[in-house]
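Got some structures for you, see below.
Two complexes are shown next, each including chain A; its partner changes from chain B in the first to chain C in the second.
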Partner chain A sequence: MERTGMEQSHPAGAARARFNVLRWSAYAAALLVALSWAFILLDGNSGFGDLFRERTWQNAGQFVASLAGAGSGAPSPFVQAARWRETGQLALNTLAMSVLAMGIAGAGALVLLMPGARNVSDGTLGGAPSHTGRVVYAAVRIFYTLTRAVPELVWAMLIVFFLSPGIIPGALALGIHNLGIVGRLTSEVVENLDPAPARALRAAGASSPKVLLYGVFPQALPLFLTFLMYRWEVVIRTTVVVGFLNAGGLGREFRLRMSWFHYDDVGLLLVWYLLLVIAVDVLSAQLRRRVRWD
Partner chain B sequence: MSLRRLQTWLTGPRLLTLGIVFALAWSLSRVDWQQPIGHTGGGAAALQVLLALFPPELSPEFLRICVVSSWHTLAYAVAGMSLAVALGLPLGVLASGVLAQSADGSGARRWTLMASVRFLLAAMRSVHELVWALLFVAAVGLSPMAAILAMAIPYAGILGRIYAEQLQDVPAEPVAALRTTGASSAHVLLYGYIPMALPDLLSYTFYRLECGIRAAAIMSFVGIDGIGFQIELSLADLLFRQVWTLLIFLVALVVAVDWWSSRVRRSMAY
Partner chain C sequence: MTATGVRLRRAGEQFAVAKPLVAIDSASKVYGTNRGLAPLSLAINAGERVALVGPSGSGKTTLLRLLAGALVPDQGPRSVIINGKSPGELKPGRELASLVGIVSQRFDLVPHLPVLHNVLAGRLGHWSLARSVLSLVWPMERRAAQQALARVGIADKINERPGRLSGGEQQRVAIARMMMQSPLVILADEPVASLDPARAEEVMELLVGLVSLDMGHGNGDDGSSQRTLIASLHTASLIRRHFTRVIGLRESRVQFDLPAGELDDAVLDELYDLGDDNGDVEPLAGLAARDG
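For the complex of A and B:
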C-alpha cells in the first residue's frame, strides 16, 4: 500500500489501486453478510425455524382475514360511511403533514443552497473566496450529514419532548431529516452547474442575491424540484411511522387500533394509507414531467 | 387581463409555484392553532437536552452497550439488505424484460409478465418497513426474522425497480452481438447485461445499505435490539447524556457506510 501514491500518477497503477478497493470491498461485504447471518441464526430465538411451521402460516392467514374484517362479529368498518369519513380526515392530516415536511425541507435547502456549495465558497462562481465562506460551507455540510444520519423516527422521539402532539412535530421531524438529503443533493447540483452565467453576472457588478436569482436558480431549480418530488414519495410512506409517536394523522390511529386488536379498523387505515401513497406517486410523476420546462 | 392572456401566462413554472403555495397554505390550515405548539416547559427541556451533550455519557460500561447495539444494528441491516438483493435482483431482471427479448414468445406475454412483476414491486415498496414489521409482529409474533423480512420486502421493491431501469439502460449493441453468436437468454444476462450494468447496480445497492442502517436502527420500535432501542430506553429514563452518545454512534455508523460506498463508487467511475 505504500506504493499507492506513485501508482496513482500512473494509469495502469491507478487501475490496480481501483481494483484493490473493489476486491477488498467484495471480501469485506461477503464477510459482513456471513457474520451477520451467523449472528442472527445462531441465536435460538431468531424465528427462522418458524418460517417452516404450518402454524405460523395459519396465524398469518387468520391475521390477513381479520384485517379484511372477518370474524370480529361487529359490523365491519368498511361498510360504515361514518368510519370512512373519520379516517378520511386523518388521511388529510397525514397528507398535510407530508406537504409541510416538504415545505420545511425545501425552504431550508433553498436558504442553504449557496453557502452549502463548494464552488460558491471557493469563488469558482465569481465573488471573492473568503475564509468565512469556507467555514460556513463546512458547517452546512456537517449539519446536512447530522440531520441525514439520524432517522425521522428518532427526530420525532426527541421532538415530542418539546412540542405538543399534532401535525407540526411530525412535519418537523420529517422536514429536518429530508433537509439533510435534499440539501446535499441540491448543493451537488449547484456544484455541477455551468459557472459562466453566474460569473458574467458577477463581472457585470450584480449583487449576490441577483447572482443567485439569475445565475444559479434558473439552472438549479428544475432538478431541485425533481428531488423534492422524489422525496415526497418517500415522505408520504414515512408520515404514518412518524405518526406512531402521537404526532397525529393515520399513524397514531393505526398504532392505537393495533394495540386494541381492532384489526378490521387497521385494515381500513391501511386502505387510506395505500390510497395516499398511490395518489402521491401519480402526482409526483406528473409534476416531475412538467418541471422540465426548458 | 383577459382569460386568454391568463392562460398563456399561467403555465409551467408559474403554475407550479402557485400550486406549491396553495398546497402549503392548505396544510397550514389543517394545523390546530388553538392549542399551544410547544409544551409548557418545552423550552427548558430543550435546553436541558442540549446541555447534556457537554459531555455525553462516556463510561466504559455504557460504551460497551453502544458498541454491542451498533453491531446489532449493522448485522440486521446487512442481513436485511442481503435478503433484499436476493429477492430484488431476480424480480428486477423479470421486470426489465431483458430475458424475454429473444422473441420466441409473443409480445403480449412479455408485456403481461413485466407489468405484473412491476405491480408486485410497487406493492412491496408502497408500505413502509416499520408498518410491515408491525403487521408481521401481529401476524406471526416478534422475532429478528420478522424484522429482517419486514425490511427486506420494501427494500427489494425499491432495488427491483431501480435494477430494472439500470438493466434497460445497458447499450444494445454488445448484447445484440452476443445474441448473434447464439447465446441463450441466461448467457446474455450473465455475460452481457449483468457485467455491463454492474457499476450502477453496485452503486445503488451500497447507497441503499446506508438507508438500511437507519431502517435497522428504528426497527427497535417493534422491540428489536439496536441503537434505536437503546435511544428509546435512555429517553424513557430521561438520560439525555446517553442519548447523545448513542446518536454519535449512529451517525458514525452511517458516515462510515457512506464513506465506504463513495470509495466503491469512485473506484468504479472511469
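For the complex of A and C:
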C-alpha cells in the first residue's frame, strides 16, 4: 500500500519540477536572444548593418559577375581553351596531391595496424604477450594522437619550411594528419574483431604472422579501405586550404589570383575545384561499394 | 594406398594392448577459482573413435583444449602425451599441425576469406610464411582443396564467402580444412551441436570418414593414414552409430568408460541427472535415428 502511494506521488512531483525547468529555460533563452540582437544592432561597429546596405549587395553582385568573367575588358578565361588546359593541369596536381596524401596515410596505417591494436599486442589474437609488444603499442598510439592532434594546416606550415613549395609538402601534411585518423580507426576495427577465427587458425598450426595474415588482415581490410575513401573525400577539399600555404595545386593559384584581383581566373579555378570534389565523391562511393562484401 | 589403409585400420582395431597413442596422466586445469578439469587420467589407442559426453561444465572442452595444446595442464605439459610428444610444448607449426587438429561448434571460419582460402588455412601449419603470403594472392594446392571440398559435397561453393553458407555447409568447410591439415588426432568440440538432426548425421559421417581417410598428405611421421577421433557430443544414437568408445564426464571426473555399443539411455540419463520421472529425456535421439 505504502509503495503504491509513493509511486503515485513521485511521478507527479517530477513532472512539476521538469515543467518549471522547461519554462524558466524558455524565458532565459528568449531573454538571451533579445539581448544578443540588441547588442549587435546597437553597436555601430559590429559591421552587421553592412549586410543590409544596398552597396554591399551591389559589391557582391559585381564580384560574382567578375568571377564569371564579366567586366574585366579582356576576353574571359572561360572561353580560352589554353586557360582551361592550364588550370586543368593544376586540378590534376591537386588530385595527385590528395592521392599521394592517401597513399602516405594508407601505407602508414597498414604497417601500424597490427602493432597499434591492443588485442594483437597483448596476445589475445594469437601470439604471446610481450613487453616489446606493449611498448610498441603505446608508442604507436601516442604517434597517432600527435599526428591527429596537429591540424593539416599546421603540418603544412611546418613542412614548407624545409621542403620546396609544390605538391609534395602538401601531400605530406595531409598524409601525416590522416595517418593518425585512419590508423586509429583501423586499429580499433582490429580490436573489435571476433577472436575465434584467429584461434582456429592457431589451432591449425599457424604462427602469429600467419594468423594475422589470414585471420586479421582480411577482416580489417574492407573497413580500412572504406575509412580511407571517406578521408579522401575530406582531403580533396582540404588540398585547397593547404595549397594556400604555397603547397601547390589549385589552392596556391587560387590565393595568387585573388591577390592579383584576377577574379575571372578565380572563377575558373572554383569550377575545377567543384568538378574535382564531385568526381572524388562519386569515385569514393563506387569504391566503397566494391569493398563491401559480406 | 587404399589397400594399405584398410590393412592399417584392421590392425588398429586389435591395437588395444599396445602403447596408447594418447596418454593423459592425471592432468588438471584450474582457471582462477574455477576447476576446469580435476586430475584425470586417460589412455586412447590409435584408430579409436572416442565420444565424450557429459553436462555443460563437466570439463569436455577443457580436456579437448589440453589435447590440442591450446591449454597447458597445471602439472606441466608432459602430463598430456600424444604419439610421444606433448602438444603443450610444441610451437605452432608443422609438428603440432600434423599431431592434432580441432573442429569447434562454431566452425570458426574467417568471414572475409572465400571458402577456398578457409580450406587452405589448414595448410598454414605446414607452409612457410612466404608460401602463406603468396597463397593469398595465388592459391597454392588448389587441387587438393578442390578435392577436399568435393569430398564433403560442396565443391561448388569454393568461391563463396562463409557468411553465405548454411551452418551445415560451414561445418563441411571446417572439415575440409581439417582434411588439409591432416592431423594424427582429430578433436571435435560439439561439432554438431548447432545443426539439425539430418545435418548432424551427415557431418558426423564426414568427420568419422576422416579417421580412415588417406588425405593425400600423410603425416610425415610414420606414413600411417590411421587417425584417431575424439569428439564431444550429446546424442546417444550418433554415438552408438559412429563411435567405438564413449567416456562420460561429470564434474570433470570420468563417470564411465564404455564401448559405444553399450551406451544405453539409462546410463546417459544418470550422467545428465535427468532422473526417472522424465521419460522423454532425449528428444533428438529419435529424430536423428534415420537409416543407420
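In this text, the second predicted complex is superposed on the first by the 240 of 294 C-alpha atoms of A that agree within 3 Å, B and C clash if a C-alpha of one lies under 4 Å from a C-alpha of the other, contacts with A are read in each partner's own complex, and residues count from 1 in each chain.
Going forward, a contact is a pair of C-beta atoms (placed from the backbone, for glycine too) under 8 Å apart; a residue touches a chain by one contact, two chains touch by 3 or more.
Keep in mind it's a predicted model, so treat the numbers as computed, not measured.
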Partner chain in contact with A:A74 - chain B first, chain C second, else both or neither: neither
Comparison of chain B and chain C by chain A residues contacted: B
Touching partner for A:R202 - first (chain B), second (chain C), both, neither: second
Touched partner set for A:A82, first chain B, second chain C, both or neither: neither
Partner chain(s) touched by A:D50 [first = chain B, second = chain C, both, neither]: first
First (chain B), second (chain C), both or neither touched by A:L146: first
Contacts of A:L213 with chain B and chain C, given as first, second, both or neither: second
Partner chain(s) touched by A:L225 [first = chain B, second = chain C, both, neither]: first
Common interface positions of chain A, toward chain B and toward chain C: 221, 293
In the complex, chain A residues that touch chain C: 196-197, 199-210, 213-215, 218-219, 221-222, 293-294
Residues of chain B touching chain A in the complex: 12-13, 15-16, 19, 23-24, 26-28, 30-32, 35-39, 42-43, 45-46, 49, 71, 74-76, 78-79, 82, 122, 126-128, 130-131, 134-135, 138-141, 143-146, 148, 214-215, 217-218, 221, 228, 231-232, 235, 243, 247, 250-251, 254-255, 260, 263-264, 267-268
Of chain C, residues touching chain A in the complex: 68, 70, 91-94, 96-98, 101-102, 104, 106, 108-113, 117, 121-122, 124-127, 129, 132-133, 136, 161, 163, 174, 177, 181
Contact footprint of chain B on chain A as seen in their complex: 17-19, 21-22, 25, 32-33, 35-37, 39-40, 43, 45-48, 50-51, 56, 59-60, 63-64, 92-93, 95-97, 99-100, 103, 145-146, 148-151, 153-154, 157-158, 161-164, 166-168, 171, 221, 225, 237-238, 240-241, 244, 254-255, 258, 263, 270, 273-274, 277-278, 281, 287, 290-291, 293
